[in-house]
Amino acid sequence: MLIFVVRRLGLMLLSAFVLTFVVFYLTNLPPNLEKLARSEGSVRMTDEAVAQWIIDNGHGGSVLGRYGQWLGVVPGWSNVDEKGVPRGRCFAAGTDPALAPRYCGILQGDWGYSTYFRGPVLPNLGEKLGATGILMLWVMIVMIPTSLLIGILAGMREGSRTDRVLSTFSIATTATPEYVSGVVLVALLASPVTGLSPLLSEWGLIDGKILFQGAASPDRITFWSFTLPVLTIALYGIGYIARMTRASMTEVMTAQYIRTARLKGVGFRQVVLRHALRNALIAPFTVIMLQFPWLLNGVVIVETLFNYKGFGWTLVVAAGNNDINLLLGCSVVAVFVVLVTQLISDIGYVFLNPRIRLS
Amino acid sequence: MEDLSYTAILVRILAQLLPVWIALVVTFALSVSFKRRLGLYGKLFDSPVGMIGFGMVMFWVFTAILADMIVTFDPYAQFSGMRNVPLGTALAGATEGDYSHFLLGGDSLARDVFSRMVMGARSVLSIAPAATAFAFMVGITLGVPAGYFGGRFDTGLSFVANLVLAFPVILLFYLLVTPEIVDHKILFFSAFLPDATELACRAKDSVTADTFACFGLSIPTMLAAVLFIFPIIFISILLNARFFTNPMKRNLYVGVVLVIGLWAYSGLAFNMDPLGVWSMEPNLLNVFVSVVFVNAPTVFRIVRGIVMDLKARDYVAAGQTRGEGPWYIMLWEILPNARGPLIVDFCLRIGYTTILLGTLGFFGLGVAPDSPDWGSTIDEGRKTLNMFPHAAVVPALALMSLVLGLNLLADGLREESLRD
Amino acid sequence: MADTTWDPSKPILEIENLSISFFTRLREIPAVMDFSCTVMAGEAMGLVGESGCGKSTVALAVMRDLGKNGKIVAGSIKFKGRDLTHMNDEELRQIRGSEIAMIYQEPMASLNPAMKVGAQLAEVPMIHSGMSKEDAWKLARQIVADVRLPDPDRIINAYPHQLSGGQQQRIVIAMALMAKPALLILDEPTTALDVTVEAGIVDLVKDLGKKYGTSMLFISHNLGLVMDVCDRICVMYSGEAVETGNVIEVFDKMRHPYTQALFRSIPLPGADKNARPLISIPGNFPLPHERPSGCNFGPRCDYFQAGRCDARDIPMDPVPGGDRHASRCLRWSEIDWDAPPAKRAVKEKAPIGRVVLKMEDLKKYYAISSGAFGGGEKKVVKANETLSFEAREGETLAIVGESGCGKSTFAKVLMGLETATSGSIMLFDENVQSTPIQKRNVDTVSSVQMVFQNPFDTLNPSMTVGRQIIRALEIFKQGKSDEDRQNRMLELLDLVKLPRAFAERMPRQLSGGQKQRVGIARAFAGGAKVVVADEPVSALDVSVQAAVTDLLMDIQRENRTTLLFISHDLSIVRYLSDRVLVMYLGHVVETGTTDQVFQPPYHPYTEALLSAVPIADTKVIRKRIVLEGDIPSAVNPPPGCPFQTRCRWKAQVPGGLCDREVPPMVTLEGGHQIKCHLSREILAEMEPVIKVAAE
């Protein structure tokens, strides 16, 4: 078991290095750097000045070396610019290089400077992550119980009316990506001109012009502002997880051991609760975990749509503004989240399944 | 001219779609009457779910094909006075030959939402199935040997596949589809050249630069070069394995495939078709390549799993004991028997690809900024979502119904292929 | 609703005119028609028939568990006088498990993988008699001991996958006995198990039946097993009971043509492939929606009379003087049941030629990594240990053994799918031992071919039958042109007695036996000289088995093929083989001519194996030798003699030799070889296991 975890961890680290390197390489291509030079320096720089700016700001050397610096395993660059001011990765321009640490990469906790936020990446990113965390918490609270319940109820008696209704609902939600459900929900519930809001407002049931708010902010979390974003993310996941749970449940319900249980006189409730449930939930567990990369997608879409300043919003801003360090930071977080969930899903699967755990 | 009531709008839309209805009725009539002779496709008409799904998908397919007959206006044309107009508004200053109304209103650039939605179907349906098919070719060509041989080859490929899957899709899109990356050519020979030449190559006005030394490819082109070669490899191996006992036939078939395949390849991947028949816009190529790249690893994993299951069958052993080569066994003994789950997944995956294309459009990374494809239209429409939702809701519902149709179709196929 | 009113002298189970149908989208498919039977207290009733005859459907109907599509359309099932067909779910639930219990074919699948064995057992009394948890676990422990499982404390705390197949089946039996039911339904309870393990389970079931006075409904396709276990029998054919009565009476004085044909098609002692060949039942089992009018067996029956047998439905007719003996045949009183079969074609014995295949000291070891997570040290599995033998032209050599004995590995090595670790394989004076199949030339490959076990797996489901045979011809470089090969393919279909029209069919349109014939045709496409048949008939129904074995024998006679017949079924081995090789855990433990192996002296394992095989013949007296425990894992074989853990003769060998050393191969007279430490004297004193009583 320990060997297994260690091997998985090793593989995870290797994946993390490869992935972050790819992101680093793609975000540090010459055109990106030229653009950075022009936005940080001046738009009217000559090509030669741009090349010089790139070298002066430590973006000159080999990609591998720069990746090493960013990671914090290669000493940070330092030089003296034409004005005689010492500049370097690990210290502010003009301060004494001797006082600065030799290494300053993400391993040392220095995630670089964000050109968009005009400040260090880490605290900004941390704050946005916290905002997304709250959003995700609510998504999970809504999504997991709902989807498992739907899946189990549908899969319990395959082909029944409950099954057909719930399955149709699940298929419909898997066919509705976040940008569709978000748009439709806003039009239905948060638009002053269409959907429910004008009606309710006319009847005097709501005070304002709209029922739910079409924008959300981490500073003011209310039921009215949070419902739509949470629902939008959760809806797509609900369908997917519910379908997996249903498939797993129907398979288990036709298994021979369920027949055994039924024919030894166990009542239907007990058959479902005692015999079917545990076996049926092993598969969805992995699915829920592997759903994280896709949830990340949903987060980005929803935060953009509802203008919620969280992690996804930051990612879009970083990419749109050529903020290399911020984008790298976002990638590290994203890759890390995905890999950790994969690890948890692997280990959890083994723990849930005595057939694997004990062999 | 009066504005239209909702009933009138509905009637007019249905009438405008008349060619689609005719095509659908003909398709269904023919299919239902011959369903016993049509194999799995025919069995689809035994399942209500499958039939509904098939109907929805075919509705959009016919809409895409017949779009020119259905649109009421040029989807790119702007009409003064029609900005954000609600559903069924009469066209201001209509002249002879113009359609009288904006059936589903106008968007923020005063274009007809209905026509854009119809044209959007064509845009989406010309990319999604093709991209999915390419992803399948790649996934199958790599997944079948990985599952069959196992060992290092499998371990390595699986690792790469998992890497791609661990990449958050949106990040990948942002990285692959930004203009910087598209513009940036990686020079293959720059390592052997002095810096001056590299700079000269990169300089936009360098006519003097030696073309050979400056040979370079952008990252999407390189990806395309790798991904697009798989269909050719796949079909060639397929035919070779089948006909190697008859070299004459084999040479003919494989030869034809190679000539046509490489011809198309030169055009699609490098835009260097000598005859100029095959080509792809750089933007389209990017979108296409990224979607294939994201989908292929999942297909790979599915195929690999099925092959690992099927290779333990006796007919595979029978093939081995009569001395068949591994490729024949993989492609003619194993692959045909994996077709059931693969067809089902193909339908699901077209839907998924449609969603991905929409996501790209939603982030403004689509084919072209003013393209009528649904993702981009939603992106445009959401800016005025609060006050004029129709511009975003119409394409959103269109996209949803297509994906729903594909999912239902896949469900029906799965159900029917599991039966007997 | 207590059953105090029930009178023990009345039948426990009384099924009357039961008809069951399955409803599909297209049509109603009758599965069981007009089925009646009664089971008295303490009686064991056997239901036999081929697959698809409806025997399992009857069992499920008694449990009222026919699924969504199955419906009881007529008749009644009375259990202790109460009609089960009209009970509601709650009443049924009370009866299931406490009054009627069921045991299934697949023990692994019938136990919940995520629950401890003890919890699954304890559940029964907790539900039915409200027993407390501790008491229920205590009872579970006691019953586990009752089913003769070693170390019950460990077992009740184990998960099902930690037990072997035989142990799992004992747990399933224990679970059925937890509430001391009045009726036990056993649906092919031993089919998934090895013969020597099966013998133990059968003994256990018989003893427990006596001990608890439980009535049994025993479902099996194996006539010998039914004779061992049951008092009464009911033979089913295509949804109907065709003959019912006392087991001895039905076996000795059958009064239905199907029962007779069934007995003539199974290899009983005394059958011989040349002098007294088996008689297969002509034709095929009718599909449920294509049953003939009148007698279902009519089209395949020797005594069929047109206009009479196919006129109307035939009722069950009691046989006077019998012990509740009845037959569903109009002509049973007109037929001379003692007349010898008319069309038994005696065949000439094929001459045995030169040696074509010779193996010497063949070893095959595998390295596997132990541990579920890929770590851990490498272990070596010794799949084959010093395998030596010769096979001659025109000869049938049987290789006998249970699961894990290495017989399939041996086939793979011979075919070239694996290469041997050491030793040599001489094929027509050519050493092919280390030549994998890719490097063998076309002649070698086409002269050694294989027939596979599972008919549903042997043909590629997405290629026509003809195309598959033609592909083999192409690969073996037979025929000059496509037309040539097309003709050759049709000839091969003739050879295996299939209609030429089958060339265009897809495998799913063929029955199991027909698929197996195509497999044989494909194997002989390149004029194979050596054919390895890996359990070619074990997945087929008995009546089809005879036809397919006959076909193999005929082709062998014609082509003078060497047949290596791999099987676990000793009856069929005795019937068709010239020489026999008995394997256990990778070792050849005994080899000799068929007569030598089936007569004493035996290797202790052969002795047990012979005694374990049920024989459907009332005149045969069998000594019961039941082996303890299960077959050890090939990954972790015992030291010394591989069989020492289960051997009943071990005490006769002095000095604990069996624990330490692998015995040498001892050659007795006539080239009969036994790998055993027992002295020649003891071997010579062994008694035969099977005796045929004087008539």
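For reference, chains read A, B and C in written order, and residue numbers begin at 1 within each chain.
As a working rule, contacts are C-beta pairs under 8 Å (C-beta built on N, C-alpha and C of every residue); 3 or more make two chains touch, one makes a residue touch a chain.
The shown structure was predicted, so the numbers you read here are calculated from the model rather than taken from an experiment.
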Next item on the list: Determine the set of chains touching chain A that also touch chain C.
Entry: B
Check: Comparing B-C against A-B, which pair counts more contacting C-beta pairs?
Finding: A-B
Notebook entry, point to check: Taking each chain's centre as the mean of its Cα atoms, which chain lies farthest from chain A?
Noted result: C
Item checked: Whole-Å separation of chain centres (CA-atom averages), chain A against chain C -> 55
Check: How far is the middle of chain A from the middle of chain B, if each middle is the mean of its Cα atoms, in Å?
Finding: 25
Check: So, what's the distance in Å between the C-alpha centres of chain C and chain B?
Finding: 52
Note to self: Under the stated contact criterion, what part of chain C meets chain A in this complex?
What the structure shows: 63, 65, 68, 89, 93-98, 101-102, 104, 106, 109-115, 123-124, 127-128, 159, 161-162, 172, 175-176, 178, 371-376
Check: What part of chain A is in contact with chain C in the complex they form?
Finding: 1, 3-4, 7, 159, 255-257, 259-268, 270, 274-275, 278-279, 282, 353-356, 358-359
Next item on the list: Write out the stretch or stretches of chain A touching chain B in their complex.
Entry: 11, 15, 18-19, 23, 26-27, 29-32, 35, 47, 51, 171-172, 174-177, 179-180, 183-184, 186-187, 190-195, 214, 293-294, 296-297, 300-301, 304-305, 315-316, 319, 322, 327, 330-331, 334-335, 338-339, 342
Note to self: Can you tell me which positions in chain B touch chain C when the two form their complex?
What the structure shows: 46, 245-246, 313-315, 317-318, 320-325, 332-333, 336-337, 339
Check: Which positions of chain C touch chain B when the two form their complex?
Finding: 25, 415-417, 437-438, 440, 442, 445-446, 448-450, 452-454, 457-463, 472, 474-477, 519, 522, 526
